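So, here's a batch of structures to check.
In what follows, chain A forms one complex with chain B and a second complex with chain C.
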Partner chain A sequence: MTALRAHGRWIAFAIPIAVIGAFLLSWEIAAGAGWLRPILFPPPSKLARTLLELVADGFPEGVTLGSHFAITIERILIGYAGALALAIPLGLVIGWFPLLDRATSGVVAFCRSIATLSLLPVAIVWFGTGEASKIFLIGYGCFWVMLSNVVAAVRLVDPLLLRAARTMDASRVDLFTRVALPAALPRIFAGARVALGVGFMVIVGAEMIGTIRGLGALIMEARTFYRSDVTMVGMAVLGVIGFVIAGGLQRVEHWLMPWQGRASEPDA
Partner chain B sequence: MSAAQKIDIAAVGKRFAGDPSTAPPVLGEISLSIAENEFVVLLGRSGCGKTTLLNIIAGLEKASSGIVRIDATPVLRPGGGKGMVFQQGALFPWLTAQQNVEFAARNRGVAAAARSGLARELLALVGLAGAESKYPFELSGGMQQRVAIARALALDPHILLMDEPFGALDELTRIEMQNELLRVWAARRKTVVFVTHSIWEALILADRIVVMAPRPGRIVLDERVTLPRPRSRTDRTLLTLYEGIWEALQ
Partner chain C sequence: MIRRALIDRMPAWIGAIAFLALWELAARFVWRDAQVLPSPTQALAVAWQHLTARELAVHVGTSLARILIGFAFAAIVGIALGVAAGWYRALGMLLRPVVDLLRPIPPLAWIPIAIVWFGLGEGSKWFVIFLGAFFPIFTNAYRGMLSIPPVLLRAARTLDVDGIELLVKVALPAALPDIVTGLRVGFSLAFGILVAAELIAADRGMGYLVMQSRQIGELGVAVFGILLIGIVSLLSDAALATALQRVARRGQAQP
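Right after this comes the complex of A and B.
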């Protein structure tokens, strides 16, 4: 049983690796044979060299991949953390009082629908081209997504659970802290995951202006110099970060909420 | 009847806010007296208002007219020793079986140290010793209802209100749970009001079967079952009672 399960897990791991490997290999061959123009589709071997170059010397010269990476992560984390710190308490309160929800739902839907990057010019007018405007944009994007998710999470708490708690003499405070809050937690977490994704979408645009540091700036800057290899490496790094963080969040989720969906997994 | 009157339902009517005034009310004028430690089953088809009546007794819904008194005190809110078991268990999914039961004990002021022992004892009573640390999603439907019963008992209720608690279970589990409930009830005597639409469930469990009909919700039969438990499904008396209840339900 255990052997079979380990075998299954190995296959589950090997298949995506094999698919990616086959994809990269055919890309390499196609570029080598001249079917793809290297300036548009630099082969993976070239991308690997670019990666090393970016790590060692940087692009522009002196700004290494590490520092691009660090500043991008820093901006996302500040904007994201700020958005969550505001949106979670606010969303809990709005969600708990139906009247408040009805009063604010229009504004929330409106603000959420504004494409964050369309605020870029306004953000620059308000906050200049420095860090503040970038963090504002990330924060803005994350905040509204998070807020509407937290409100929904509280509104969608199963009323049966609240009724059950009332038959057990739960106070109004208990109903909120010991029933609504844990019941809403899974949806709040899902919202946090979506909001983080928004942060990564916004960052590239937010870093387009007024800076040469950051993965978004790297991608834009490379475009000006026809360095599609650099752009691609930048994209890949963003992808990997998103992937790693999503995985990390999932672990935190399982750890925080062991009652959620663990049943479908082999032996977590 | 020598037993003291426990629950007094006096001319209780219910009409939902959104219903047109021409529609028959959910509950007409229901009057019913339930004695201390009596096991009463409210039986009827869907829509006859039996669950609404149970919710009014629980204090979860307000009557439009009339009044429910428990020990001569009007019911104004849920809690206060009125334990309730819902059809879908309504267990807190983020708490283990043990913690679910402790939740109920906490609010009635059982000291933290005593809570754990009480929960363990009640889980053992409903046949769940060893499952204390399991989350609801790890338990079968029948086991979840056992936890729900243990949780209601942790309130040390004087009244146990049960809203089709076995309605979602398969037939075999259901019969097991009926026997189990009778065993628990024998150990912890309570006044029980049990809602079901199964005639057999009523016959196996009840001291008294109150049959209700819809539009407006009203009582059409109030039948005592004096047969000792455990009852056999082939007992002649029960079969006769079955006939009478079936008639009343038409």
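Right after this comes the complex of A and C.
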């Protein structure tokens, strides 16, 4: 039985590797045979060399892949941290008072539906073309997603828990800090995961304008120099970050709150 | 009944009006510079000066057409592939790794390569919107197919329902709620991506309208455009939700 299961796990691991390997191999062969134009579809072997070039020399000359990566991560983290620091306390307050929630729900829904990148001209007027405007855009994107998730987390706490605590004469403060907050925590964490994904999406757009540093700038700069290989390597690095954000945070969540069981797959 | 609904919505309306009023007052009496913080009425007035109704209709229409085309492609391909991958296990094993490999790349990161592949015209915008909407639609359709209770399929088989008939009459209706979820997530993503696509290269569309405000030096036009995008996205999302609900109800009612 265990042998069989180990066998199944081995297959579940080997098939994706084999499929991706076959995918890359046929791409390489098609490019080598001249069926795919190398400017449009640079073959994987070329991408590997580009990756080395980016790590060692950088693109543009001197700005290595490592520094692009570092500045992108730094921008995301600052904007994200700022958004969480504002959204969590505000969301807890709004969620705790039903009337306040009903009064703000329309505004929150609208601000959330505004496409973050459309704020770019406003951000430039307010914060200039430097770091601050990029961080503002990330913060904006994360903030409203986080806010609506925190509000929902508090609103969706099982009323039975609150009533049970009340019958035991819990004070209002205890009711909030010792009953509602722990019960809301899983949803708050799930919201934080979604918000980070949103911030990650926004950063790529924000970096496409007014900078040459950062992964978003790298892939855009590369296009103007007809270096689609550099663009593709940049996309691959972004994909790895996206993968780590989606998968890694889920693992952290499971480790922090083992009583929640395995979270489901992310939606997007 | 209707009165009850109105009373329930009251706080939301009061909240929205209070927000607009606060913004108006802050812009007029605290900032006092329409080039830094235009008030809602100032933004409307500026937009009225710079835009004719015709131009406005062209911007909104162009953006909506881009979204609908990209989204329609994503819906057709995403549902077809997702359902097929869930129905034929071998196909699922082939498709899943490739999708899992490409999915973590943010849709906006495809913009430069989309321009290389499809040029600066409409094609690259459709492609980027397609990509943004495709992954949630595919993933949800696939998941919906996998989570069909096997009892349902077995029961149908004992009644001699098999093959395509089993897929259309039993499996698809059972997977429909997940497919609907995927379509809605995909649609809202499509809107966020549209703006980015139009920021890079466009000569019309709502995203272009917002960016163009920098050239004419009127922040009011940008604020107007931002609010416009928000309203259009809320309205079209509501329209899609109603349409999908109707489809879902019909699907569920099927004998």
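In this section, the second predicted complex is superposed on the first by the 250 of 268 C-alpha atoms of A that agree within 3 Å, B and C clash if a C-alpha of one lies under 4 Å from a C-alpha of the other, contacts with A are read in each partner's own complex, and residues count from 1 in each chain.
To be clear about the criterion, a contact is a pair of C-beta atoms (placed from the backbone, for glycine too) under 8 Å apart; a residue touches a chain by one contact, two chains touch by 3 or more.
Predicted model, so just to flag it, every value in this text is computed and none were measured.
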| item | value |
| --- | --- |
| Touched partner set for A:164, first chain B, second chain C, both or neither | first |
| First, second, both or neither for A:81, with chain B first and chain C second | neither |
| First (chain B), second (chain C), both or neither touched by A:55 | neither |
| First, second, both or neither for A:183, with chain B first and chain C second | first |
| Contact breadth on chain A, by residue count: chain C or chain B | C |
| Which of chain B and chain C A:124 touches, first, second, both or neither | second |
| Contacts of A:257 with chain B and chain C, given as first, second, both or neither | first |
| Common interface positions of chain A, toward chain B and toward chain C | none |
| Residues of chain A that touch chain C when the two form their complex | 15-17, 19-20, 23, 39-40, 99, 102-107, 109-111, 113-122, 124-126, 200-201, 204-205, 208-209, 215-216, 219-220, 222-223, 228, 231-232, 234-236, 238-243, 245-246, 265, 267-268 |
| Chain A-facing residues of chain C, complex | 8, 11-16, 18-19, 35-36, 93-94, 96-98, 100-113, 115-117, 135-136, 139-140, 143, 181, 185, 188-189, 191-192, 194-196, 199-200, 206-207, 210-211, 213-214, 219, 222-223, 225-227, 229-230, 233-234, 237 |
| Touch list for chain B against partner chain A, complex | 58, 60, 77-80, 82-84, 86, 88, 90, 92-95, 103-104, 107-108, 135-138, 151-152, 155 |
| Chain B partner contacts - residues on chain A that touch it in the complex | 158, 160-161, 163-171, 174, 178-179, 182-183, 185, 257-259, 263 |
